[in-house]
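Common to both upcoming complexes is subunit A, partnered first by subunit B, then by subunit C.
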Partner chain A sequence: MLIFGERINGMFTDIGDALRNKDPKPIQYWAVKQQEGGAHYLDVNSGPAIPTHERVEAYEWMVNVIQEVSELPLVLDSTNYDAIEAGLKVCKRPAIINSCPAEQVKIERVFPMAIQYNAGIIGLTMDKKGIPKDAENRVAFAMELVAAADEYGVPMEDLFIDPLILPVNVAQEHAPEVLESLRQVKMLANPAPRTVLGLSNVSQKSPDRNLINRTYMAMAIASGLDAAIMDANDDDLVDVAATCQILLNRSVYADSYLKVFRAR
Partner chain B sequence: MALTGLEIYKQMPKKNCGECGVPTCLAFAMALASGKAALDSCPYVTEAARENLDSAAAPPIKAIKFGKDSVLGDETVLFRHDKTFYHPTTLLISVSDTLSDDELNAKIEEIKGLEFERVGLQYSIDGVAVVQESGDAARFAKVAAVVAEATDKSLLLLSSDPEAMKAALAPLASRKPLIGAATADNYEAMVNLAKENSVPVIIKADGLDALEELVVKAQALGYKEFVLDPGTRTPVDTLANLTHIRRLAIKKKFRPLGFPVIAYTSKTEPMEEIMEASVYVAKYASAVVLKTSKKAHLLPLMTLKQNIYTDPQKPIQVEPKLHSVGNVDENSPFYITTNFSLTYYSVEGEVETSKIPSYILPIDTDGTSVLTAYAAGKFEPEKIVEAMNACGIADKVKHRNIIIPGYVAVISGKLSELSGWKTIVGPRESSGIVSFSKSLT
Partner chain C sequence: MSVTLVKEKYSSKVGEVVLGATAEQGGTRTTTITVGGDSALPFLHFEGETKNRPVIAMEVTDVVPAWNEMIMNQIGDVINDPAAWAKKCVDDFGADLIYLKLNGADPEAENRSPEDCARIVKDVLAAVGVPLIVEGCDDSEKNNEIMAVIAEAATGENLLIGIAEQDNYKSIAAAAMVHKHTLIARSPLDINICKQLNILINEMGLPLNKIVIDPTVAGLGFGIEYVYSIMERARLGALANDKMLSMPIICTVGYEANRCKEAYASNEEFPGWGDLADRSVLWEAVTASGVLQVGASILVMRNPAAVSVVKKNIADMMGK
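Here is the complex of A and B:
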């Protein structure tokens, strides 16, 4: 189970301010703090904090300041592929591109870029028309991404299919469909593509967000989830991720497994 | 084994004509993968694609049977702890047709003597490989006949000359020997000979590329009873090829290499030869041909084979009979435990360390530990008394004391009552046996 720390995102006020003021401190603070929490990758998103024409430059700056303090590989999170490419150029370790929907035009932009920079891809099970409601159509989109990976030569292990979880308070019927999608995505190819979720989305605007997040994560991991973009500093959540590793026989059990999971 | 959507999609015509009732070939592949459509509804799928899709559903490594109960292949994992290895390596001793009649008879006698009994298990060598080195077809046939007459073990006939093979095989076909090797030069004759006689045949080529090519050609003759020989004769190259072949067959469902593999030892010094063969037994060889036929050389190899091919999911058991540690006499203490090997050997080790010669009786609990067996009703006083009577401990010691594991102290009363012996509750952990045993005298 891979943890993609979600905190370096311009949607948060401190990161937004840091971007506007070119102040590396809050960004570097969260890079270190998320690594300590148990993150394996750091998601990097400039968000809407800065004007569109400055994003490419801002993105490159963010990647550089993070790499000054952390060895963790990065998940480059943007809809602006020029910004992502600028980030990829300065990444010291193979990164993951977040994200590419099942649209031919975007596939043609993203997949060759992934090959060029030896990067992974998060593939969204949606197209221009939006997010499908049922598992069947999610998996059909996943299959298009899998076929694209095969065509462009992206190793299946580098393709992370995101079946797109929505907030349970307003889109409750999606939650079980996403679990079913996770199961089916694993049957699409051998080796299977990996899977990822933007986990915190499930609890948007609900009370007891942490409870919802960690319950759903355990269910999703049992259904085939390999990675989550999530709060790496929610200790209970990271404990659940570690415990799932043990209960699915993916890590060898030791009494100190919670500590071992974070130390890896 | 179900096919993945991608594997099916690759076999599709990719016309996206929609005649199958599904808008795109990709969607049709998905429907096939989930069992919601039939391949027949696509009018454009080629015969080759159909064949590929059919054969992909077959097991990754074909089972090849020959001789006396030898089964090669039909394995599904790379590591035995993932499930188990199913069909133990067939071990064959090679016999050259250049041996004189006297040497041949001596060799046969030696091979016949390769029967062992160890820890209650019967071991024997599986077969004999008759190798043509004389260049004389008549001699090869004669030696094959003599070996076949002398033993009922599985036979492997090795010759590069199809005519010599034909002569040797004709009278022995009912024994269903494995024959070999079909090479790029002789494969048509060899494979046809195998096909006519319904015997499996070794396909031999140098390296995996050549091997794949030859298997495909040989299959075109309408036969599939193959055993592979990647041609390498050094341990390092053979290990690499054995690993690649197993991996490709299982992980990639690579059909041309989905057959069992035979390995030949190269070392002539017997110790080195056995070490080399041990590598092949552990790493996926379905058959190994050996030069040595000495008992002392083969026992360790056969023990290894036995161990590697046990099912790791099933607890390993020791024989539930009376065991003795050291020079026991009528005063030796008498311990009770279970026949779970981990439990038994923990106890045995500690008893040995105590330096007091003792008897240990492992009760047959289907290989479960003391507490597990107790909880499952398999370590009851009645059963212990029965085992005591069966093993005759009463005639071996003059005392009437039973030492039981501390965790089942609760059975001591009933056990004393039923057996008429005094029950002494030992320590809970076997690590306490050493100090406990001192208190006995």
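Here is the complex of A and C:
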């Protein structure tokens, strides 16, 4: 189970301010803190804090300041592919591109870029029309992304299918459909593509966010989830991820397994 | 019709551990030995590298052991002198390194002092140029006393010292750390304790590349299948990047195989079992080659004739 730390995102006030003021400290603080929490990768997203025309420069800067303090690989998160490419150019370790929907034009932009920079891809099970309601259509989009990986020569384990979870307080019917999608995506190819969720989305604006996050994550891992963009400093949540590794017999049990799971 | 071999891909490999130290490295060994580093299951050369050949440590004891005659006769008079015995193992029997077992320290036996034990270690170090493994007796409290003194007396030699166990690891781990030795971590055929002990030792500050796993083994016919399954689990863990199971493995096959009745019972007692002279050698050699197949890096052996057979087996498996 891979943890992609979500905290370096311009939607958070401290990061947004840091981006506007070119102050590396808050970004570096969260890079280190998320690594200590148990993150395997750091998601990097400028959010709306930076005007579109300045994003290329902003991503290059963010990657550089993070790499000054952390060895973790990065997940470059933007809808602006030129910004992602600017970040990929300065990444010291193979990164992941976040994200690419099942749309031909975007596939043609993203997949060759992934090959060029030896990067992974998060593929979204949606197109221009939006997110499907049911598992069947999610899996159909996943199949298009799997076919694209095959066509462009992206190794299947470098493709992370994201079946897109929505907030449970407004779109409750999606939660089981996403679990079913995870199960089916794992059967699309051999080796199977990997899977990822933007986990915190499931609990948006609910009072019991942490409980919902960790309950859903355990269910999703059992259904085939390999990675989550999540709060790497929610200790209970990270403990659940570690415990799932044990209960699914993916890691050998030892009394100190929680501590070892966080060692990087 | 052509057949494509199905190959497993692994994300990691077994850690490498260096035993012994030359003069430049602060010791007095003429050579060092590196074990581990494999990136696939043993000897599957088409899937990954078996980086370092498994090695054989021959067992030498500080008091004359009660071993069967077939082994005693091959060793000869030097059995009374650990240093000369060690030298014969290296010069005549081709041992890669020496495993010195200090049974004489046992309070129930000679009750040798830590200083006496350290002197024996120094004598053996002086007699041979190969790296040395040193284990104490069967009394854990006494072992803590003698290993502290031995570790200090042999500072810088990078001995492989043992043993650390879950309920008694701190003292010997500290001795290894302070005096720059490598440590044997023994678990009782239990993969979970094996991993936990490595974690505990590592938490004290001993680096992972200074630890060797002793999973406890069994002789052929006495549970070797279970040993195999435990070792296989550890190896697959190492290859899947479980750093706390990624250390090379040492197996005390000579001790275990020669405890089996088949290795020493006379022809008269069991006429149907075949000639003891062959049986004795084979029991140890087959036990050794069994654990080799699942990732033993260091074999601790007794019978020189069995050593000879296993050396050939290792060379064959390495394809050299």
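Please note the rule applied: the second predicted complex is superposed on the first by the 263 of 264 C-alpha atoms of A that agree within 3 Å, B and C clash if a C-alpha of one lies under 4 Å from a C-alpha of the other, contacts with A are read in each partner's own complex, and residues count from 1 in each chain.
The definition used in the following text is that a contact is a pair of C-beta atoms (placed from the backbone, for glycine too) under 8 Å apart; a residue touches a chain by one contact, two chains touch by 3 or more.
The model shown is predicted, which means the values in this text are computed figures rather than measured ones.
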Exercise. Given the superposition on subunit A, are subunit B and subunit C in a clash or a fit?
Worked result: clash
Exercise. After lining up the shared chain so the two structures overlap, which partner does A:A254 touch, if you call subunit B first and subunit C second: first, second, both or neither?
Worked result: second
Exercise. Taking the superposition as given, does A:V146 touch the first partner, subunit B, the second, subunit C, both, or neither?
Worked result: first
Exercise. Touch check for A:A263: first (subunit B), second (subunit C), both, or neither?
Worked result: second
Exercise. Which partner does A:A171 reach: the first (subunit B), the second (subunit C), both, or neither?
Worked result: neither
Problem set entry | Residues of subunit A touched, compared between subunit B and subunit C (which is higher) | B
Exercise. Is A:A222 touching the first partner subunit B, the second partner subunit C, both, or neither of them?
Worked result: neither
Problem set entry | Of the stretches 27-35, 117-125, 135-143 or 243-251 belonging to subunit B, the one that collides with subunit C | 243-251
Seminar exercise, completed: Residue overlap on subunit A between the subunit B interface and the subunit C interface none
Exercise. What does subunit B use to touch subunit A in their complex?
Worked result: 2, 4-7, 9-10, 26-27, 29-30, 33-34, 251-253
Problem set entry | subunit A - residues contacting subunit C, complex | 251-256, 259-260, 263
Exercise. Across the complex, what residues on subunit C touch subunit A?
Worked result: 191-193, 195-196, 199-200, 203, 233-234, 237, 242-245
Exercise. Hey, which residues of subunit A end up touching subunit B in the complex?
Worked result: 139-140, 143-144, 146-147, 150, 184, 187-192
